[in-house]
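There's a structure below that I have some questions on.
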Amino acid sequence: MNNRKKGELSWYIPDGYIPPLSSGDLVSHESICVLNCNNETAHLKVTIYFEDRPPLEEIPYEVKGKRTSHIRTSSLEKDGEKIPVEVPYAIEVQSDIPIIVQYSRLDSTQKELALMSTMAFPIG
Amino acid sequence: MNNRKKGELSWYIPDGYIPPLSSGDLVSHESICVLNCNNETAHLKVTIYFEDRPPLEEIPYEVKGKRTSHIRTSSLEKDGEKIPVEVPYAIEVQSDIPIIVQYSRLDSTQKELALMSTMAFPIG
Amino acid sequence: MNNRKKGELSWYIPDGYIPPLSSGDLVSHESICVLNCNNETAHLKVTIYFEDRPPLEEIPYEVKGKRTSHIRTSSLEKDGEKIPVEVPYAIEVQSDIPIIVQYSRLDSTQKELALMSTMAFPIG
Amino acid sequence: MNNRKKGELSWYIPDGYIPPLSSGDLVSHESICVLNCNNETAHLKVTIYFEDRPPLEEIPYEVKGKRTSHIRTSSLEKDGEKIPVEVPYAIEVQSDIPIIVQYSRLDSTQKELALMSTMAFPIG
């Protein structure tokens, strides 16, 4: 219906946390859910901020045009370094073209799962 | 109290997922909750984006004036095609008049339900 | 730190639903959480939109200055009419001075509670 | 990728509540999750609003540059006063430099945990 840009270039998620335990059939995990409504591939750089050490900067990731990608945070990796479990952290997602970002967590640490979700915070 | 437009024309939900299983009395489902504060009917076009194939475009839906509609995603259909269960996807809702959109999921895959909800992301 | 207006005059929550059942010690309920950072009392008008009938309009409510109020939706009433349980609906909150509004639901229909929460959608 | 300010100076969370009970291994708690993408330390002032008494004003807190801090609300304290449990309240976070704020609650009052999360509401 229109040609406006669909989304923003920078997104922030202050509450990141990978639960260390799971129970039942569903594995505890987080997802950074990205929607790329453009025709071109979006080139992302994901930076991870910690409470007590310097950030893990600019992990690369690609999302094709007209596609979504639900990125498991446990799959992100740079120079062999991954996001540790059971540690509070925060996420910055930067893209070279406008995208939309939502964050969700499934926690099955205790039996029966719990869910939470929120749009990431965009900065134009 | 005012005559300003009530909402936006385009809304985005990157984290769509229809859980395949349910337990207990409550069925796992998602809802796209639309509020139309105008007097006229809103004509929606819902586009579904996937991770690995082209989008299912512009499924039509109507929400009457001064009404809300909590649309079960499993009810959306175009040319006999529906949103598959157990597949990560994303949602775009476009309307010909301003609306407000919230997304919620009830997951009862494991016993005892889990809920999540967020406002969709609007683009003016 | 500043004198800017703290909030907006109109807020929208498309996904309202009062669960009919509870289990355990916690009663299923929803709350419209209002923060009034001004010195004066905020005079609210809450309008309830339904899927299949005209709205229940402008239920009055007051929130004192420098106070919060977590309004149970089941307590709202106008001319003896209340919000029915087990019915999808939507909420509009209008205020005569700027406020901030968040919506939360606790559902204990099946054993063990589920929670969801989101900021309401503001329109300046 | 850019030099724009990363975040806002004031953030609001109308729905604060510290659950009084826990069960299982996980303790019920809330977190104010702050991300400070600047190089300098952010000096926060957290004000707590109640339903029936004057606010507890400007509890100080610091978040270092390029770090996140997931602040347990039960740890906030000013002149020996803390946020009481089992009481509805609201939160205002003010910072001297731009930050991003998300709010999350884990409730394990009844067995098996429940989660909720939302971005705080920013005022530029």
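As written, the chains take the letters A, B, C and D, and residue 1 is the first residue of each chain.
The criterion applied here is as follows: a contact is a pair of C-beta atoms (placed from the backbone, for glycine too) under 8 Å apart; a residue touches a chain by one contact, two chains touch by 3 or more.
Quick caveat: nothing in here was measured; it's all calculated off a predicted structure.
Look at the contact of chain A with chain D and you find different residues on each copy: under half of the numbers used there are shared.
For chain B, the chain with the farthest CA centroid is D. Centres computed as Cα averages put chain B at a distance of 30 Å from chain D.
Separation between the centroids of chain B and chain C, computed from CA atoms only, is 21 Å.
Multi-chain contact residues of chain D, defined as those touching 2 or more other chains: 111-112, 114-119. Residues of chain C touching chain D in their complex: 1-2, 4, 6-7, 24-26, 31, 33-35, 37, 66-70, 100-102, 104, 106, 108, 111-119, 122. Across the complex, chain B is touched by residues 9-10, 12-17, 45, 49-52, 54-55, 88-90, 92, 94, 105, 107, 109-112, 114-121, 123-124 of chain C.
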